[in-house]
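To keep things simple, chains are lettered A, B and C as they appear, and every chain counts its residues starting from 1.
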Amino acid sequence: MRVNKFSFKKLIMHAILVIWCTSIGMLLYFVITSSFKTNKTVFKQLWSLPEKLNLASFANAWSNLDFGRYTFNSVFVVIISVALVIIISAPASYALTRMKMRFANPITFFYLAGMGIPVQLLFIPLFKIMAPLNLINSLSGLIVIYVTLSIPFTVFLLTGFFLSIPSELEDASYIDGCNEFQTFFKIMVPMATPGIVTAAIFNFIGLWNEYMLALIFITGKENKTLSLGLYSLYSSLQYTSDWVSIFAGSVLVIIPTMIIFIVLSEKLISGITLGAIK
Amino acid sequence: MKRRRYIAWIFLAPSLILYLYFFVYPTIEAVRISFYRWSGFTANMEFIGFENFSKLISDDSFLAALKNTLLLLIIGGICIFLLAFIFSLFLGSGIKGKKVYRTIIFFPFIIAPVVHAIYWGLLVYNPRTGMLNQFFKLLHIETLAKFTFTDIRHIFGSVLFVVSWSSVGFYLILLMAGIERIPPYLYEAARIEGATELQMFFNITLPLVKEVLVIAMIFWGINAIKMFDLLYAFGGILPPRSLWTNAIYLYIVGFGKRDPIFQLGYASAIGVVTLLLVVIIAFIIRKLIRREIYEY
Amino acid sequence: MKKILLWLLVLTMCISMVASFSLVGCKKEAAPAEEEAVEAAEEEVAPTEEAAVAEPKTIVYWSLWNEQEPFATAVNKWIEDYKKIKPEITIEVAFVGREVLTKVMAARSGGQVVDLADTENYILKGSLIKEGISLVMDEALDAPDYKGDNPWRDSFLPGTLEQYAADDGKVSIIPYNLITNGFIYDKKLWRDNGWTVPETWDELIALCETIKTTSDIEPITQDAGVDFYNDMWNYQIMEKLKGPGALLAAVEDKTGETWGDPAFKEAIEMERVLWDKGYIVEGAAGFTWPAGQLLLASGEAAMELCGSWLPNELKTQVSEDFEWGTFPFPEIAGGVGKITDMESYLIGWAAFNDTKVGPEIVDFLKFCTTPENQQMLVDESWNMSTILGTNIPPAIQGLGEALLDSDTLFIPHDGIPEKYPDYHKNVYLKNHNLAFLGEITPDEYIKLMKEETIKFWENQ
């Protein structure tokens, strides 16, 4: 029985998806067009295209507002934090799920409970700990905090992925004479790649937009991150009235996340489907 | 070769050390603070036992915030997962442009909350010039054309919609990751036996996607309870009372942007309650969706 | 392959961590031990009355301003100029933003040195003054100012120093920025339409009626989504009805009975008239900031009751021929308050009493509060200065003149936020907002205020 390619069902699905995506497209349109307008016109014609492309707001954001340096700081902090948190969480997740530890369940729960703690509570106690270690107002300090705060979620995610890897592969590897480290690196990590990529993407997104902790622990202008820069742009509206820079800044902030997402999501999905085919 | 049990601890060590020192220890401190009255500015801390907690119970603002938190969790969760499932079904049924759709749907998730607040507040929900009101005016539906989406009564619902709208993409990706691992031969076999789409969904898709579903739901649970940035940004200068959830109320009581309330002990008590809430919700979710691992 | 990549990654990580740790050494906050660092040894010591060899000192100053704001520009200029005069003093300024006290709180509990902070006076009062950790400035104020002619105290607008004094009368906050409250409008628009500035409440209502019936312009715009903007109506009306302190008295009455005074109910009823007659733009209840004030900028609304920062906030949105005009809150017939009673909302500095550089801070602050330096700030920020001898920014001429002529200055929200912040946020603003927006009737408002005041005091 030949299936008609032009099915009604598919049309409805496309219609709904298109309507939904249009609503998202409007947001994108608004942000991008507003960033090219001037402060005088940005609220006058909310929907119309800018009369001419005013790149001044981007230039202003990049140099006067130091967005160039902030971008470097953010990239540095976030990429290292993401890499580190995966490097230390993956072995932990593996140990908790596949190495038949005695207290695996309580320890796992111990890690996961950390996900529920509101970060604001920790400002003051953390400051007390970090100060004697000279980790205040330094990007390294911020990295330490970011990594630690991301451990619970990453362990949570990775334990899920490690659990679903069939144990025969593991047993086979041990029979072949590999020790624990070799098994981990050669077998488990490749198998868990979709999980690792997922964790990387999600951690990146979460940390990229984080500004509260950066606000508390970073003081010097040279150490500020991008999201913090954007936030201070917003809170200085009262006396600068500079809306277009906020839009320009937001566009600059989104670009890296989009790139990472687009590039890595392919790997994510392809990795998963590859894993399903044995 | 015999597996050495202690190796597991070596694997665990780096994360455990960091976690214990930079996370657990401050948390214990924070919990300890909840038994005191403290402004944070001096070393004087006054021990008051459980007084902060008993104050919580009779605090109308806290109870309203708790109600908002639960509403956000439950209703937001239902909307998000419903939409995510629907979209994952659409996208999984082999239509063209799947990757493009998925990327676009995901996009709002990574936009700074400040931008959402401006866009939705000024362009969509504004009673005079906003899209929605103009739309209803065009349709000549008077009551809706004058509807104030972001007034004191409705702003929570309106923001709930924004939260769902921007989060769907993320959970869609998680769900799709789970669904795409289901081998197609299961579906083919079912189709041969004459099962409908709906039957296949409930009997094949749903059970096999449980793992990922648990992860996704717990993640949502935690994010909903801790959600701060979007709600904080939505009022512009400060978050309106109607949008207060546990996380926002904690911040206002402890640090407050414009109000020198500075009651850190009380704020810590709110934090402890929030933590308990998260643990309970996570526990419930895991119990409800009993974890079964299907190997295939 | 993966393994090599992984090790490479770890190696890079370690290298960068080592690198940044060593960078940390250079960027460390100057703890008192670090003051040994030789400061500007090459520059010649500027001529001062002090000893020829001046000891290098550092002032750690955290500010509520953001880097981009005009205030930050002014502060940076002051620091730069001061460095030329006193090269041995280094001022480490950090423009933290409005969350400055949260950060200060965290830093001090971690043992980090913060000497000087500035933020809104009422927040300083509710934190540093309340806890008794601020540096008392009375002695410094009685000493000569920077130029050495008169006591420092005399440079300030009368009343501004005492406004936020501690309960025992000691002054710790040095105010430098002065914001007031009143109506903002477009002079050109009013001129074109023949509208005149009202001086009594009845005139205001009549004007609104005229505007509404004879033009397309909305009389009053309001960012009704912001609870303390809405409260401006209430405390202004209460001040004009019963003078300053009436609201505070009601808050402090543990029996709640003071709320029974008819004036409180009358205030709500007056506010509701504005809504019921449609003088406040329709749909304002659903505005999210800054939707309301944008209407003033675009000429769709005739006036807005707001703080005197508004012209600066809207300056990029107004058209070329917009003329900024301001007028004070009108008198109410039968009320005690006069039209010359003006709000004084201050922003200032306070130092911590455990600072090691007290005298240096005082000298720096004296430098910053000279009329010349303050004028720079006034010009950039369009806010008035508390220092006598500075001009009124043209945009707020009307309010500024009224302020200088006034003999009664009152504090915003009747001083409730700094004394009872919890009450202010969770009882007063909550209920007033409901009443203002018409969600509860004036009677219900009074009843709620009575009940919740009693409950509040019981829980203390």
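Assorted remarks:
FYI, a residue touches a chain if its C-beta (ideal position, glycine included) is under 8 Å from a C-beta of that chain, and two chains touch if they have at least 3 such contacts.
All values reported here derive from a predicted model rather than from experimental measurement.
Centroid analysis (C-alpha atoms only) places C farthest from subunit B.
Of all chain pairs, the one linked by the most C-beta contacts is A-B. Centres computed as Cα averages put subunit B at a distance of 35 Å from subunit C. Distance between chain centres (mean CA atoms), subunit A to subunit B: 16 Å.
Counting only residues that touch two or more partner chains, subunit B has 40, 122, 255. Contact of a single residue of subunit A with at least two other chains is seen at positions 43, 87, 124, 128, 231. Multi-chain contact residues of subunit C (touching two or more other chains) are listed as 98-99, 102, 105-106, 109, 290. Of all residues in subunit A, only 39-40, 43-44, 64-66, 76, 80, 83-84, 87, 123-124, 127-128, 130-132, 134-141, 143, 185-186, 189-190, 215-216, 219-223, 231-233, 235-243 touch subunit C in the complex they form. Contact residues of subunit C toward subunit B in the complex are 98-99, 101-102, 105-106, 108-109, 120, 122-123, 125-128, 130-133, 224-228, 281-291, 295, 417-418, 421-422, 424-426, 430, 433-434, 437, 439, 459.
Remark: subunit B residues 39-42, 44, 55, 58-61, 117, 121-122, 125-128, 133, 146-155, 234-238, 240-241, 252-253, 255-263 touch subunit C in the complex. For subunit C in complex with subunit A, the touching residues are 2-3, 6, 9-10, 13, 16-17, 20-21, 23-25, 27-29, 62, 65-71, 94-99, 102-103, 105-107, 109-112, 290, 294, 297-298, 309, 312-317, 381.
For subunit B in complex with subunit A, the residues that touch the partner chain are 1, 3-5, 7-9, 11-12, 14-16, 18-19, 21-27, 29-30, 33, 40, 87, 90-91, 93, 95, 99, 101-116, 118-119, 122-123, 129, 131, 165, 173-174, 176-177, 180-183, 211-212, 214-215, 218-219, 222, 225-226, 228-229, 233, 246-247, 250-251, 254-255, 264, 267-268, 271, 274-275, 277-279, 282, 293, 295.
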